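We call the chains A, B, C and D, going by the order they appear; numbering starts again at 1 in every chain.
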């Protein structure tokens, strides 16, 4: 159709699509899925980090962690707003999350088990997210692109803080170093799985690339992350978490082992270490909070009525 | 006029421990609040409170003069050495109780900080000046939520009234006066807490009235937190979590 | 035949940590159970489980040969050194989930102890002989309660079925086999856990059928507890409580 | 009346009153109140000790504490049974407790704040209870008297264990000794208040003495407790928690300060440090457990029906 042609033309010329522009239903649906999932990830992502807020070892570390979690909740807000421009409400998306009809990033289905995990989450998980999000700054949908630009700034700050935190551990006492190693060992493969399946297996990719919803392929992004992270692990003096990691002179990249994709699909299916607990926590928070939302809403209504009556 | 160092220390611990313990409680909400905006607001509140603790306990450590840091005071004292008011260590309960506790404490802090900015002790005045901006924001926010929930639905009203019945007996402790307070007042460092009650009652009375909540009649007040004589059973469990890493791995840098 | 000491140690920790951690969970009920008789029964269960831990960990410490005691192992290791199965560290949930978890563990223990009494290691055989009497009583009791609640009211049935959905994915870990188990089997110290599954399934299947509960279909099993590779987030919080005193006041006699 | 005379005659001749015997309504009511309160105290008394079960410092200490709490729940059972012989059901008594129409011993409205409190509770609180209960072994109501005999044996075991536990603390490190001192300082006055108001203020005493429901007066029992306990405190090397304690050669007893009775009456009124939390915990346990009691009851009914059908 001519609408479709005009739409694709904009995309090809790097003109952002805006909420009021015509767009194919599938473009809209794909974006809602992707932005919603991203928003949910920010919200659910509070839980593994929140798990250590009450046990952070110094006042300053606790402040840094609280500020980070606060930022993430804020990112959730921007992203829900971006998704809402596509005609879906935050409450609808939350409902879909709670009913299992929308996902969040599988990385948050792994537990945070020692204090170094908090550093590692900032460094590896936020690090991987940034690689993805930097690419997404050029995504074709305007509100999403602008949210990404805003979010990226804060995320790189988090990643740096995470690296500093784990540096303290890696250069600390033998036990601290052991915690750091343990964290890297456990989180490495889940982190590189954050970029999604190999390009050959990725179902939605081709159309998303054509629409510039995705800008780089999963494997490209993963390689970029590995290349930037391996030297950091080495700098920390930690053992590499994958014996397959090796500099490949010819490619100009690090080789690395393929993660266990059966685990990846298993976690997506709901069988990750924390899927059930994470969803239970969110659903409980939502249900326990119903009276609060109702109460505040009713109060707002009363006030509005009183104001009208007074006028 | 020279003030007794130990009394000044006690005074500082009373404020610094109260903000520390309350920040811990508030931070327990992380990721579990009823609305995403509230997750942000609660994290922000906890953050401000810790920031204040860092200043109060930092000065306390300096006054103590044993080469300790604010972290040492926060993470290496047992319950009996804590001087927070009992109100701050009570379990969160539901969201309404958490916010009402916050308001009852914020209101006290707002009155207190208003006086401490004129303290004869420059460090105290300086910390109070920084804290008072945050506190003004906190009390406005918590008051709004208390009004919204108190004057909301039948259920939200009932829950807030129950929360008030539970919390009110812990309000009086904030206005207790003892020889520490007398020494602070005499040295012009801080007002006698009893002298803050009128302003507090006016502020709290106004907000609770707007929230359509009824202040319980009894005059009874729990105490024992700010003297350390008798905390609740809850504090020990809180500290077991808070201090875990520092206790299990002593002497590390984090 | 000489067995690898470290493997024997791992084997002993797997049993001793499981009973220790479960006893902690059960003891959390103290004073909060639905019926006074259950307060007594739960305290009794927790007590037996700690008694067993004391024996298993005592022998583990002896095998380790570093001059440590069962208490040292219980109170001075961090989460990653614990080898309990994940099932035992899960939060209690409601009373039904607590009792169902107990049954799923008791059933395993009853099958395992039945084999261990014939262990080639005399100490293991001796501990198993003592424990097996208690375990036989526990499994009878928890099975009865599971049947009573599963085949009770509509609500109690629903809750028990939900508990089963939650807990079932944690059952499989008890039957995992690795090189530790292979070494134990080869030395005649303990059976390969996988070989216990049939007897377990028969026992559990019979009881759950009587309880009118449906075993979930999925074959997925969480793991990581008995190797220590990946516990749940719950264990760290549990240990923060359990080890508090020993961590805060090291080197005391109690 | 002749019945009353026969009843009082039995009492005066130390013949036990049994459930089927005639008894004055007031005797029955007083006994229900006293035995019920005693039973409730055993049940609520689980809470302050339970507060430290998860934090007991050694496996052995944890076992001792668990065994003690288990015994106490058992005492609750005997006592409810004794009260039931007077025509009131356990459920009725529990309901009265939860509605504030029956009491439990005020001592359990004080918190357990450090590990030495657990020793001190066994030594001082169980110690005070025993002084009272030894006297009550001779009480006129048969089932109550027999319950007391049974309970006393276990309680003295607890008191000894408590004393051993606090001995370890008093003879331990300076910090342990400080805990022991702190525990004694906080629990001394609440413990001596366990015997009730001074004889001159005690409302129910005279009739209860005549009926041999009470066998010794509050002040007699209190003096006996002080006399046996002060030397124990001294043996531990702890400071006396009351500067008024002094051996009185003439009386052959220790003098001691009168506790703050306004605190006593305040705690009874509901204003103790833990009244609200204790009752909330018990009511919540009861309400949360409703489905369990209902489920088990329904199952028993089903079984009975099936059995009848099969016959």
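As a working rule, a residue touches a chain if its C-beta (ideal position, glycine included) is under 8 Å from a C-beta of that chain, and two chains touch if they have at least 3 such contacts.
Molecules present, by chain and UniProt name: B, C = Ring-1,2-phenylacetyl-CoA epoxidase subunit PaaC.
The structure presented is a predicted model; accordingly, all values stated were derived computationally and were not measured.
For the pairs A-C and C-D, the count of C-beta pairs in contact is higher at C-D.
A separation of 36 Å divides the Cα centre of chain B from that of chain D. Averaged C-alpha coordinates give centres for chain B and chain C that are 42 Å from one another.
The residues of chain B that reach two or more other chains are 78, 236, 240-241, 244, listed in rising order. Within chain D, contacts with two or more other chains are made by residues 55. Taken chain by chain, the contacts fit none of the simple shapes, being neither an open path, a ring, a star, nor a full set of pairwise contacts.
Listed by label, the pairs of touching chains are A-B, A-C, B-C, B-D, C-D. On the chain D side of its complex with chain C, the touching residues are 43-44, 46-47, 49-50, 53-63, 66-67, 69-70, 73-74, 76-77, 80, 90, 115, 165, 168-169, 172-173, 175-176, 281-282, 284-286, 288-300, 302.
Against chain C, the residues of chain A that register as touching in their complex are 48, 51, 55, 111-114, 182, 186, 266, 271, 273-274, 276-277. Touching chain A in their complex are the following residues of chain B: 20, 24, 27-28, 30-40, 43-44, 46-47, 50-51, 53-54, 57, 70-71, 74-75, 94-96, 145, 147-149, 151-153, 155-157, 159, 241-242, 244-246, 249, 251-254. Residue ranges of chain C in contact with chain A, taken from their complex: 78-80, 166, 169, 218, 220, 222, 224, 229-233, 236, 240. Those residues of chain C that touch chain B in the shared complex are 78, 236-237, 240-241, 243-244, 247-248.
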